[in-house]
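Notes for the one structure printed next.
When the chains are written out, they are named A, B, C and D in that same order, and each has its own residue count from 1.
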Amino acid sequence: MIRKRKSKIIKEEFQDLGFGAKVAAQKQRLINRDGSFNVERTGQSFLEKVSPYHYLISISWLKFNSLVFLTYITINLIFASIYMIEGMNGIGTVHTNFIHDFLNSFFFSLQTFTTVGYGRLNPTSDIESMIAGIESLCGLMGFALATGLLYGRFSRPNAKIIYSNNSLIAPYKDITAFEFRIANARENQLIEAEVQILLSMIDKSGKKDATKRVFHNLSLERKMVVFFSLTWTVVHPIGEESPLYGMNEKDLKKADAEFLILFKAFDDTFSQVVHSRSSYKYNEVVWGSKFKSLYLDSPSGVSTIDMKIFHEIEKAEN
Amino acid sequence: MIRKRKSKIIKEEFQDLGFGAKVAAQKQRLINRDGSFNVERTGQSFLEKVSPYHYLISISWLKFNSLVFLTYITINLIFASIYMIEGMNGIGTVHTNFIHDFLNSFFFSLQTFTTVGYGRLNPTSDIESMIAGIESLCGLMGFALATGLLYGRFSRPNAKIIYSNNSLIAPYKDITAFEFRIANARENQLIEAEVQILLSMIDKSGKKDATKRVFHNLSLERKMVVFFSLTWTVVHPIGEESPLYGMNEKDLKKADAEFLILFKAFDDTFSQVVHSRSSYKYNEVVWGSKFKSLYLDSPSGVSTIDMKIFHEIEKAEN
Amino acid sequence: MIRKRKSKIIKEEFQDLGFGAKVAAQKQRLINRDGSFNVERTGQSFLEKVSPYHYLISISWLKFNSLVFLTYITINLIFASIYMIEGMNGIGTVHTNFIHDFLNSFFFSLQTFTTVGYGRLNPTSDIESMIAGIESLCGLMGFALATGLLYGRFSRPNAKIIYSNNSLIAPYKDITAFEFRIANARENQLIEAEVQILLSMIDKSGKKDATKRVFHNLSLERKMVVFFSLTWTVVHPIGEESPLYGMNEKDLKKADAEFLILFKAFDDTFSQVVHSRSSYKYNEVVWGSKFKSLYLDSPSGVSTIDMKIFHEIEKAEN
Amino acid sequence: MIRKRKSKIIKEEFQDLGFGAKVAAQKQRLINRDGSFNVERTGQSFLEKVSPYHYLISISWLKFNSLVFLTYITINLIFASIYMIEGMNGIGTVHTNFIHDFLNSFFFSLQTFTTVGYGRLNPTSDIESMIAGIESLCGLMGFALATGLLYGRFSRPNAKIIYSNNSLIAPYKDITAFEFRIANARENQLIEAEVQILLSMIDKSGKKDATKRVFHNLSLERKMVVFFSLTWTVVHPIGEESPLYGMNEKDLKKADAEFLILFKAFDDTFSQVVHSRSSYKYNEVVWGSKFKSLYLDSPSGVSTIDMKIFHEIEKAEN
């Protein structure tokens, strides 16, 4: 799927990569740093766009737990109200004032919904027994649902690829190269990792005054690694065939250049293919620097890297 | 898997695509709009055809919840009857009349099945204790089952592809083209989306009077998009090599033409390959129109489309 | 993966297909009708060979439910014994005789393990409260485990391919062909179904007196169908290049012929690749017959087949 | 993905296989016997490196169960303390001394958290009822979580490939070969199993005094088996093209030779691709021996192997 082509413009048919001609022609970021697409849609309700399951497994733990707690309280307030309306004649408590009654009603509801059922508060009238039976069914189904959601949240593919804050254009061997560094942030064993870099630039040389965005597939020194256990510095050598050949910082800016990064690997731990995306805009490219070495001396014979200096760069001595 | 062939008839061996010669020769729809196959089978019981799990995760939420509720009531009625037959000597309630006894028996069953166990009603005789022990086991296994089903319902691949109500045959650049529009209805990030169009037509030119259905693989302007985030107008240019070249509306009808659409993509959110199918019969093709533009002005620099006008078409100015 | 090669002997390196030279040389069935391999291993304990999870999701529902029930009873008998040994001083029941005490102990255990906790029997002494706390933890973990197992049992790939009881060698068009019929027994939508037939025969023409088994990849009239919704008659035309060319029933028997069938498809309903295998020994091949047609007249315009006559064959008129 | 190349040095771009030039140049094991990479990273916290889910499904059952038990006790101690601080005025027990109060508080907490709720101890004051309501929610969510973890632990791809303790270099047919034996330790049906051997050696012939590690892809007699039901002896014939040609034991040691083994198959039982890795260092290669035959006489017609002698080797008679 990821082909090595020597920096030709991608064939006509892939030209806008699916963003649509209108989007591609604009001066905007196509892919955000976190890999999401920089697009929006209107005219659909929230529920049409997002499946509730997808929403509930994607939100943060704080949000998720708050939602669970609020739903729990709300449902119990509703049932408490129902018991109040019904009269609370058979809950096994003495009527005093409204607040106390409502609290007892609420506590009875809590004890029913969670099926803890201590028994001091318990339904004696037929109608209350029936409502309580429905409430405990709701409770159990609710927790069945929570179980599924918790598992869904946990079992999502969780490979995490870190991209260096900046990409570099710097001397490399005899020529110059475009580089960035990625790391496997988890202990998951990723194998057969592949990277593809698409360079998107606005081409004003075209006929008419239309700005047109063109996409170049950058050739890589190495486009696949068998084992991606630690880090990988992805290198595009800027040879004569590279679309970057002869360009300087200002040219990149004028072309509104964006480097789209596509990563793909097989997560051996979860037996799943994982994808990751990121992008570097022209202003996230540092010229003339190189990455600091991550490798520590390892007298033990085990290769060790220090993730604290993953993003650090230093002047390239030339 | 999806190959680009310039509108040749699909090789002999794929000729009926798996529908069987008899089905393919008939004047009928092969694939329904929702992507299901227009076939039926008899001679198998319902249970042989459909696995219960598959059935229970496919039905609507209303149906599913009703089924859960009915099952819950039914099981508890059964256990209530057992307690009645047994005599209800040890449930901890005073015998009054049959209805009251049965209700108490039913409520005791509810409180046992859901493991809420308030305790006012509780088994004191040995046989009732034993039955209650079995019932609470049933209850817990039942809710274990419900948990699995709920998770199964939620975690199914849920990409949703919308196909435009009509496909179009209209002027396109210098020639004419067959077009339809698809949208990614969910916020799932779909990548490497591919489309294949198979045109099925009845060929009466053959020897004998046998009607024979032939399948053509239509060549596409673009058969794959790297990112399918919003919409995609799939275009088959009707060049000289197209089987549609020179045909008009009546010809399509006479040939009982059906455009089979096959869609495939990788759902990045759930790490799953997703497939979708649809079809356009000759009477769902509109001639001489084009789709309205979906893109809104986006001063924010974020591309925005309006899904409300997804299906809308307008006269193509020529 | 499944290649079309015109009935050549499979390349040396695939020659025993993984069965090992010793197995392949023997006169025995290689693959059973149900698709399992006809091999056995000793020297490993049951637990080494089978993962408990795999075992528990593979056994029949009767076996599974019995196991659940027996485990439930056993665990509660164990806890009942512990309460008895402890003295049952704080369970809230009057000491009478041993049997009655043990039953009360057992019922208390049931009510604790299932967390139903009515409360008539309840722990008052510290040690019993502690044991009960551990038991209810065990109960909840046990049911958590049951939930996982139930889901595992349900969510396994459940495509079901039926193979015709017999394969046929019969006149076909102008020549003769080897045929069998497969059906998609479920309503799952299978797409891109592929079949491969390997013919295994003992070759005694070799040097020495060693019997050697050779494998032939039989060429198929059609090796893939795009949609496998109902049935498919897989046909190997016995042309001059076929290893079956010129053979009769006795030759097949002498060669201990076995037709290994490999099936592979994509289950659209569960987004999973499904595999299926079967085999026909020489004595399961019927000569000179053909399959009865399955298709019913379908005035409704929906193709209908009758699965009741799936296995039926009739004399081929020549 | 696994290509057969006649023992050429792997192309420049794969040269360090993803270990990084620094790691590859060192005298160390690259892959451990169990298939993990022999690398380490610092500068990341434990939580960054390992997702909690991944950790909890990877640890041993003893560790997992201990963790569950400790968490259970800890949470209940916390809630018991909260009830103590609150005063325990409404738990339905008589105040005696601190220890007894705390125990009652703890038991009440246990009975609430597990939702067993006998009822002798039950909250009567409003604040205690509220705390108990929160605790039983925590309990249910906790067990929902445990359910997900238990399922996650069970449902991981569980194919298990055993590698022979030693690999061999011994006479084979007319030449010499490098061999090792693998077995499918589970009853899972593995199909389309592939093996790739990478020989890593330090090359000191290079310019300068830099030690450089080179990787060779060893050609295999058979690199794929269709059915991997029992065992497979993987054989690399040491022909003239092999990098091992003409080498002896001392040469291997001097070159710090390591044979990296990559295994890949499709697990038919779980519909999953499974990967496995291992490696043999030069000192794990036995010269001049062969593996004992595993096959037992099988009068029943079922091939039987004896796993007890899987690792056993014997002098190769020449």
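The rule is simple: a contact is a pair of C-beta atoms (placed from the backbone, for glycine too) under 8 Å apart; a residue touches a chain by one contact, two chains touch by 3 or more.
None of the values given here were measured: they were computed from a predicted structure.
K.L.:
Does B-C or A-C have the larger number of C-beta pairs in contact?
P.N.:
By number of C-beta pairs in contact, B-C is the larger.
K.L.:
Looking at A-C, B-D or A-D, which pair matches C-D on over half of its contact pairs by residue number?
P.N.:
Equivalent chain pair to C-D in A-C, B-D or A-D: A-D.
K.L.:
If you average the CA atoms of chain A and of chain C, how many Å lie between those two points?
P.N.:
Centres of chain A and chain C (C-alpha means) sit 38 Å apart.
K.L.:
How big is the gap, in whole Å, between where the Cα atoms of chain B centre and where those of chain C centre?
P.N.:
Measuring from centre to centre gives 27 Å for this pair.
K.L.:
Got the chain A residues that touch at least 2 other chains?
P.N.:
111, 115-119, 147, 151
K.L.:
Inside the complex, what are the residues of chain A that reach chain B?
P.N.:
Spelled out, the residues of chain A in touch with chain B are 1, 13-14, 17-20, 22-23, 26-29, 36-44, 48-51, 53-54, 92, 111-112, 115-119, 121-124, 126, 129-130, 132-133, 136-137, 139-141, 144-145, 147-149, 151-152, 156-157, 198, 262, 272-275.
K.L.:
Which residues of chain B touch chain D in the complex?
P.N.:
Those residues of chain B that touch chain D are 115, 117-119, 147.
K.L.:
Would you tell me which residues of chain C are touching chain B in their complex?
P.N.:
Contact set of chain C toward chain B: 68-69, 72, 76, 103, 107, 110-111, 114-120, 143, 146-147, 150-151, 154-155, 158, 185-189, 191-193, 221-232, 266, 268-271, 293, 295-296, 298, 301-310.
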